[in-house]
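In the two complexes that follow, chain A is the common piece, with chain B as its partner first and chain C second.
Moving on to the complex of A and B:
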């Protein structure tokens, strides 16, 4: 008769799976929750929303506009991703809705759909290139550039706020996959980092 | 991996794109006036070109736009990229 005793999974392994993947690495950090809005609309919607949001929303492909607390990322000719402080979520929404009244647009709160990771340091480009074929050199992907792209198998938004720092917006359910993958690739550059920190 | 030039975002790897079939096929403006053969012609019949083929692509994992491209189906080489709504470009050498 077959042995039907369930296989015991060691507690340490379960803990490792449950723990946030990133804790000890300073080159890969999960970012705090924030307000996120997807805005779709034409040039008039972009102008009106920009005035209410406090930024000139980028018109050029794959470019961003940012202040220390807010950012607008170009995702498509009629699509922008707006980022702000989590505590401002309600006021941002209210301001945008008021400014966009009467203008054809779509404004969706996607704050909880995505999480954000930040990868920084001298190896950031090389580590990202472990799963993305984009040319991430400063000449091809300058500071302020952003794009939706594919990271191995996950859709992400990649944004370069500073020369040595990349901001990655990833859908919540892919976060573990993406951060684990980055951590795995990073072991080549930071050999001291274990898988489950 | 093929390099595809999105008319909005520039050159990107093929993995960001989705193929959209033959380009320049307009949906009949009033399908109710068509008989079954004419509807089937619109729905199913494609040229299956050997050579320069006008086709739709979508930057599905980028800016999400549809655009058109000319590709040589024998060599898999892209010859031109242009936005939806623009006329099919004439290639150097006079080939359509």
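Moving on to the complex of A and C:
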């Protein structure tokens, strides 16, 4: 897909790429825009894509592979969510397309489809459990686990990159709802914080 | 200190006197009191009026089982909570409570006339009466019944409190922190299991809180309790939840807990969470709910001052309150003796112990004699005296079948015990079976339906040592079942009370007839005579008797009434109890506030509100929004003082003469990619796709298996193996799921994959004769000319340097484009297009103008023209079906004869004879004027608008055999008369499509 390689976007439009509208807190951070691709296909596609992406794409359910700048999240037997730096969007896409040539697969740029939030700190599990029905204890939801799940009335991808940190991917139009809900739940633990903007 | 407060003892804090108000009268109580114990300490037994007969009622119990003492507690008008049991309302400084179901006051109540009328309002009264005269129901009976119905009143202002929610998981959830629950929690925790221990009360300890002389492992029970709780609090994998009621047991060991956080505080912190709903998923649920004492059923057993013996013991030992000065005891169970002895020791007089049993443990009789207490054996109660408080107990004696009248014993309180009913509520809620234990005269948990265990009195184990050891054993078993092997320890314990005896049903009356006003169900005012009546009238199933008499159907869930009623039904029918069966327990165990269920989902957080990247621009430009699914969509953009019709007319005319810009971002979008993508779409949609060229798009129709239209949208082929599929806004999620379902279950052979891209792109529709001129200056790499990019052409390129998928499509009938750009750039690109369009008369238009414009062209909206019963052909879209295709979803159904008859409802246009009349959407259509109901209805109006461009109204409709009626006059019957209409083509504007292809 040549058409999604941004080469000459005016500065004013680059500024338009935005983080989620949420008041920054120590424990709840909107994350910067990033490159996102949905890769769907078989094990051959994963092997080829992983080599180009610089990670071994996880074969185990609900597990991830990550480097400091890239991550691959297992979302289904034939589906991976690939995350990278925004500035790498074009090179990631080119590299993957080249590596996947001749292999049946689907690679779709979803960089703008969703936004990301990070929730961290000693109360992260409790706050998330205000809306997530999952068992988020470290034994049931270990570091590196990821899953597509419900968050009260929204769908999210929940990923635990570190023991005290959760990364939430949420479709852009649900960002306000999810971030406001987290902020509301969090008031109990951080009473000084107001509601999300 | 009040007259009824003991000098010492109890778990109240005698140093902290608390002022409170009940029915406008100021009283004092002590920290640690409940409202009920504080009122009893002031000698107040009368706390409410009964539901049906408005009989004066006192407190019956001391806990969650209380049926009588329902009060409203008032913090402010928004924080008024009705129907709280005074026995569970913790006292705080300044508490204001009021009794209910009385007018003007508790002591003088005009509703008590119902009691005199009681012979005329028996069981089933509501089902039999109010049938005549016919008109009286609405004008007379219903208003009167509504006035009398229900208990308490709702608060008059919106609830300002916050409510929380928490999902939690654990190995073992222990419900109830009495001796069994605590022993179980200790055992499970010691084995390494994660444990949640909850208890509905303010203090953990259950029965131990009312038993000051019990000893466990050689130490006083209170010490053991404190040490055990300290041990549990210190354990990292144990969560203790006080004031937390397990109210519902849901499938897969999902248990709802309601935790009250601020109701006991005199000044809750601003913004504090009032209640939290815990949704616990436990690998093992261990129920230690305990048992509830049964009242005895005798005439006049509902007078204030008559209460359960175990409640009297709790008031004495936990709250330091004597329930009377001169107390009569009626019992069928040993435990009440100990209560009598303790009350006597605390300075109360014991007027008599009337034991229903002929044979009583000699040790008890000896002990009573030693204390100078008279015991009457083989006794029964024939009545009581008193109006607002019991003043005497009319005793009788039983000899064989014969009942002899006896004397009246003066007293100011009666405590009674019919034995204890194991609380099987939660086990029963979980669909667990119940087992009848004849020796106990009780149902106990049988085969479990979930991973459920029970321990202690709730499964018929009585006596402190037995209860502790059962708790420890079941706790260890639960931990083991959850994967944490555990050894079993034992406890040594002693207590003063004995556990023997029990009675079910009504106490014997002379002649074997039911006595007067012998209550089974205090809260719903059900008497022994009501049960007898129900059975006489042919209701023999216990479930029917329950519904006919309403026994057990009040908010107390029959905690004190079910077993006596069941025994009475069984005795009347001459059947054993287990053959009659017990009614099913349902959630909630005790009432739960709506706020608790709502949790965080209120106000802005009630539902997600989805907004597009262009939303803020529309808001800043005065858009009026409408809800489409969860989306906010701009409906119209009023200028000056325009109303909707004026704005829509202007938007439509401006677009048809110049250019309009529209936010179509909410359309569903799915990228279908893979070598078999075309094959997949061939099988799914009714159209042909194999022959669609790269760079072209086609209007697609999706049917369900039944052949009816399910969704529609434009599908573009971006590459041989890549399609950009659009769906309706509302259909996006279900179409994706429909596709994924087919791929995963039916067509696993296809190498094709789906990705939702709805939110990846902002979609900006630029429509109108000037659309090309507006876009041209902004676009690179795409030739917009009609030859290079004809109608339904698709191209990729850039707009302002931003990657773009450009569709030449039109939902307005004008020259039109839809610009798809990555959503973060949506607003900037929109603004640039708008700026470029200003010299070409561009206007933003909303969904309302879009509806009018598409209707002028006869384009359908799925869900408006279609209703799940229209085939593509019915909707005038038969041309779209790929007839050469071997198969597609719905093809077989469409081949059925009934799907092809000539009189199916078909989409047509309608013109009103009077061009100013706009038909009502949904209005029915008939084929001749002047019909009266029942009319022969042949169709209905699906869309109707005033067309500013055409200067007359237009409508789309589905009409039986509609296409054969072109030019015919039909009628739309309305209350004001028939509206004549002419059947037309569905296309009202630019029928040859010249503008579209411009």
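Rule of thumb we're sticking to: the second predicted complex is superposed on the first by the 173 of 197 C-alpha atoms of A that agree within 3 Å, B and C clash if a C-alpha of one lies under 4 Å from a C-alpha of the other, contacts with A are read in each partner's own complex, and residues count from 1 in each chain.
As a working rule, a residue touches a chain if its C-beta (ideal position, glycine included) is under 8 Å from a C-beta of that chain, and two chains touch if they have at least 3 such contacts.
Note that the structure is a prediction, hence the values are computed from the model and not measured.
Colleague: So, does A:147 touch the first partner chain B, the second partner chain C, both, or neither?
Modeller: So A:147 only meets chain B here.
Colleague: With both complexes overlaid on chain A, does A:133 touch chain B (first), chain C (second), both or neither?
Modeller: Both partners.
Colleague: Applying the document's definition of touch, where does A:75 land relative to chain B and chain C: first, second, both, or neither?
Modeller: Once the two structures are laid over each other on A, A:75 reaches chain B alone.
Colleague: After superposing on the shared chain, does chain C or chain B touch more chain A residues?
Modeller: Of the two chains, more chain A residues are contacted by C.
Colleague: In the overlaid three-chain picture, which partner chain does A:109 touch, first (chain B) or second (chain C), both, or neither?
Modeller: After superposing on A, A:109 lies in contact with chain C but is clear of chain B.
Colleague: Check the residue A:162 against both partner chains and state whether it touches chain B (first), chain C (second), both, or neither.
Modeller: Neither: A:162 stays clear of chain B and chain C.
Colleague: For A:38 in the superposed arrangement: first (chain B), second (chain C), both or neither?
Modeller: Touch partner of A:38: chain C, not chain B.
Colleague: Determine, under the contact definition given at the top, whether A:187 touches first (chain B), second (chain C), both, or neither.
Modeller: So A:187 only meets chain C here.
Colleague: Find the residues of chain A that appear in the contact set with chain B and again in the contact set with chain C.
Modeller: Of chain A, residues 79, 133-134 contact chain B in one complex and chain C in the other.
Colleague: Taking the complex as given, what residues does chain B use to touch chain A?
Modeller: Result: residues 1, 8-10, 12-13, 15-16, 61-65 of chain B touch chain A.
Colleague: Once bound in the complex, which stretches of chain C touch chain A?
Modeller: 164-169, 194, 271, 273, 279, 281, 600-601, 604-605, 607-613, 630-631, 671, 673-675, 718, 722, 751-761, 796-798, 800-805, 822-825, 827-829
Colleague: For a test of understanding, state which residues of chain A touch chain B in their complex under the given definition.
Modeller: 61-62, 75-77, 79, 133-134, 147-150, 155
Colleague: If you look only at chain A, which of its residues touch chain C in the complex?
Modeller: Listed in rising order, the residues are 1-10, 12-13, 16-18, 33, 38, 40-41, 78-79, 104-114, 126, 129-135, 137, 140, 152-154, 171-174, 176-178, 180-181, 184-185, 187-188, 191.
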